[in-house]
Amino acid sequence: MRGFYIGRFQPYHNGHHRMVEEIASEVDELVLGIGSAGDSHTPRNPFTAGERVMMVTKSVVDMDITTYAVPIEDLERNSVWVSHVQSMSPAFDVAYSNNPLVIQLFSEAGVEVRQSPMFNRDVLEGAELRERMIRGGNWESLVPAPVVDVVDEIDGIERIQRVSDTDATGDESDDPE
Amino acid sequence: MRGFYIGRFQPYHNGHHRMVEEIASEVDELVLGIGSAGDSHTPRNPFTAGERVMMVTKSVVDMDITTYAVPIEDLERNSVWVSHVQSMSPAFDVAYSNNPLVIQLFSEAGVEVRQSPMFNRDVLEGAELRERMIRGGNWESLVPAPVVDVVDEIDGIERIQRVSDTDATGDESDDPE
Amino acid sequence: MRGFYIGRFQPYHNGHHRMVEEIASEVDELVLGIGSAGDSHTPRNPFTAGERVMMVTKSVVDMDITTYAVPIEDLERNSVWVSHVQSMSPAFDVAYSNNPLVIQLFSEAGVEVRQSPMFNRDVLEGAELRERMIRGGNWESLVPAPVVDVVDEIDGIERIQRVSDTDATGDESDDPE
Amino acid sequence: MRGFYIGRFQPYHNGHHRMVEEIASEVDELVLGIGSAGDSHTPRNPFTAGERVMMVTKSVVDMDITTYAVPIEDLERNSVWVSHVQSMSPAFDVAYSNNPLVIQLFSEAGVEVRQSPMFNRDVLEGAELRERMIRGGNWESLVPAPVVDVVDEIDGIERIQRVSDTDATGDESDDPE
Amino acid sequence: MRGFYIGRFQPYHNGHHRMVEEIASEVDELVLGIGSAGDSHTPRNPFTAGERVMMVTKSVVDMDITTYAVPIEDLERNSVWVSHVQSMSPAFDVAYSNNPLVIQLFSEAGVEVRQSPMFNRDVLEGAELRERMIRGGNWESLVPAPVVDVVDEIDGIERIQRVSDTDATGDESDDPE
Amino acid sequence: MRGFYIGRFQPYHNGHHRMVEEIASEVDELVLGIGSAGDSHTPRNPFTAGERVMMVTKSVVDMDITTYAVPIEDLERNSVWVSHVQSMSPAFDVAYSNNPLVIQLFSEAGVEVRQSPMFNRDVLEGAELRERMIRGGNWESLVPAPVVDVVDEIDGIERIQRVSDTDATGDESDDPE
């Protein structure tokens, strides 16, 4: 029995980890799909797919079940999304998500999808976490220790702070793109 | 004389239908271009191109003029938009639109474009219609009967309500993409 | 009961037409998917999607069943091809094809697909037909009359002959792309 | 010593020109990268790449240094952005930018990047300039004279006013895309 | 010390495995990049990225070093290829390849790349292997046992034979795309 | 009067230069479109757009007319090709080409296109030139002197020889993409 759980993991945090631990009690193997794989260096998506593969892999290394960390590019075409993730992933029997779009797409495709209400996720929101990283707040307590290591190693705090800036000179700059 | 009228038709509604009836008095044949053909399953674009082909085709079947329903993908490149729709459509002599961008692009390309001020479109706004579908209001009176049939057949109300949801568990979910 | 039949239709010819007539005896409605919709102006794909919509629509206008002519762009991703054509087309119950890749993809997706051995298609090969157009041979007898009209109207023979040329000056030209 | 300076140049204005004059004192040659090359006909990006090549080229023609105006398409993938601009441009030694994202990407790639705080850019903001064009205010004084000529030649004011409109009939139109 | 080795792995075979075993003696961790991730269902690329992730992962599971199997999509832009694989992969110190293009791209980017002449690879050519699968020859002896299991589980031989066919009816079919 | 001349310029050679000299007698300004801008590092397209901008710019610097070197990406959609090059280029009055496809596309769009039979181009074929570069033959005499400088500066001969190789170890390598 193989499960599938997709998220952007920007970065992988304790909320994700508890979801993974819950799923691990129901499956033998788990595929962690790393969505928006092509996005990086923005306030909402600061880390590359490769950096997120590291975060995820090192955070789940001690779990009993077999895990796969698979980057999945956006095709920006919802009607083929399920077929796309199925082609990028080892075959899975059940998907896990609390995201309404993901739930609807899997349902229409006849793939079993399970939801999970069990977590108070306010503090664990990716947005809250990235906000703390930008402001210089306490972010380390919101993620597994291996994620702290990876973020430090890639100078991730410096990166997210810089790309969240207005003009480095203080003026609003002329956006080149 | 062939006319061209493009819209997203999410879904095809009475405002569109009156525009088509007005155009039908001026042309022999009409191409209905279904724009953003690749978009679906979002609050603003809930239906696939194929579903919209059904809605349009069944709504205009009894008209005297010959009609074509042609999905047109977004190339996201305004400078080639006119060439693109011309390549996807049977050749047309005049375009109909109230959209400023469309009017400007056709004008720059030397294609005749006609506008139509005649309709009070507030209630017939696609946004208003989709809002009623989401809220469970009276949407059926805003569309031709065949559109009601198609939407019911594809469980369209359920779909637009679900993809408009925040987290299905009530929390704001971690967006996977 | 709705059928689906996809081809490039470059151009729509008598072999296609016999396939359509055979299918028409088994379904109530038929979707003709016009593949490689974005390709044109090459020896193998001389006509635009819009031109092919014209050829198909005018050739099947007198048939008893309801038909739809729908251009379908290449996504160049076989693993999502079935989902893609399903999103671009009115829902269909059975697909018709003699193409091995198409048959395999529909089969893997659990969509019923029917093949048709009944036609001697040598002379009706699209390649043979285009070769005659290029050489100035008798091509008109290989296509329905409406197709002859459309091709003449768009100066299609001149186009396919020119784009099949080596350098217009007789030398092999420096290919700009 | 060759410098690189990228902007959207919608349009090229006096703020850009002063940046170029400052850079010209530090390099022998300068590449002006015209970003978002594929975007046009919107309120924020009204002009095509070709039109911007004209504006830039004619505005810098009398400078002592050799300049290149090179359109650069968006790949929408920050992780390869530096490699992309390097492949589209003559090789450069130093980049100039005040944009935080650009500065971060060049820094991570080990390319020297210089910032410039010296200009009061409020009035020279591209957004302010486009706003004046839309409102019919005094925009000519914010750009080099050759840019006025190019904009007039292409009916640029008419274009940006029209694409900034709501529905040309006064109603909010049904957006076709 | 982390190494990087990219291949299409269509499928993963003994030649690949010996390369991996050789690399394993030189690094602590190894990333196996699965190239052309978006390609499948063709004679040259029969298996999806997900299926290849399975083949690779199960074949290297008993090795001492930590391995990552990462699908990498084609961007079809050689000038950004190195940046792209670096963004999709955990950071690596050395790349392994015998492919001239890959070697040249890594060299130009200043990434250390090692080649390996040690293997007689004639029989281990992916092309030879796929040819045997198509002809019904002995392919199982050319791949690790787990790969045989995966191929059998997905009916891979049936798939590659079918998509390698000419027309299923024996005639050369009209290619829909 | 502005002319437009597009080629891949891989690399810019004496045949191109004579065409440019001939065109220069008929126009006041000339745009040199550098086609397939995104392609590089292959035997047929060894140089990046930026490298080709250098070759072209330095070769025409002493001409009397004003010239623009503009990279143009492939959209792989012939039906919008003319609109695309027009959006990327300063407005031009006449195009120059000997390529049948280019001539046909400009003709259909109503753009004046002129051909040129005057040159014996056998030795000046891009293919012949690249073949000599690969074999180590005399290529320098086929290109303007500035092109020799640029190619030497970027180690262009080494690059084209390496990417034209079979496996660097002498075996045919497993193509990663």
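In order of appearance the chains are A, B, C, D, E and F, and numbering begins at 1 in each one.
Note that in this section a residue touches a chain if its C-beta (ideal position, glycine included) is under 8 Å from a C-beta of that chain, and two chains touch if they have at least 3 such contacts.
These numbers come from a predicted model, not from an experiment.
Student: What are the mutual neighbours of chain C and chain F in this structure?
Tutor: Shared contacts of chain C and chain F: B, E.
Student: Keeping to the contact definition above, tell me which chains border both chain D and chain E.
Tutor: Shared contacts of chain D and chain E: A, F.
Student: Fitting on CA atoms only, what is the rotation between the copies chain A and chain B? Please report it in degrees, nearest 5.
Tutor: Superposing chain A on chain B takes a rotation of 120 degrees, nearest 5.
Student: In terms of residue-numbered contact pairs, which of A-B, B-F or D-E coincides with C-F for over half of them?
Tutor: Among A-B, B-F or D-E, the interface that shares over half of its contact pairs with C-F is A-B.
Student: Return the chain pair with more inter-chain C-beta contacts, choosing between A-C and D-F.
Tutor: D-F
Student: Any idea how many Å lie between the Cα centroids of chain E and chain F?
Tutor: Distance between chain centres, rounded to whole Å: 34 Å.
Student: When the C-alpha atoms of chain A and chain E are each averaged to a single point, how far apart are the two points in Å?
Tutor: For chain A versus chain E, the centre distance works out to 26 Å.
Student: From the C-alpha centre of chain A to that of chain F, how far is it in Å?
Tutor: Their C-alpha centroids are separated by 44 Å.
Student: Could you pull out the residues of chain B that touch at least 2 other chains?
Tutor: Each of 40, 48, 77, 79, 86-87 in chain B touches at least two other chains.
Student: Could you list each pair of chains that touch one another?
Tutor: A-B, A-C, A-D, A-E, B-C, B-D, B-F, C-E, C-F, D-E, D-F, E-F
Student: Which positions of chain E touch chain C when the two form their complex?
Tutor: Listed in rising order, the residues of chain E that touch chain C are 38-42, 48, 159, 162-177.
Student: For the complex, give me every residue of chain F touching chain C.
Tutor: My answer: residues 6-8, 15-16, 33, 35-36, 74, 76-79, 97-105, 108, 115-117, 121-122, 125-126.
Student: In their shared complex, at which residues does chain B touch chain F?
Tutor: 75, 77, 79-80, 82-84, 86-87
Student: Mind pulling up the chain F residues that touch chain D in the complex?
Tutor: My answer: residues 37, 40, 48-51, 53-54, 57, 68-71, 73, 86-91, 154.
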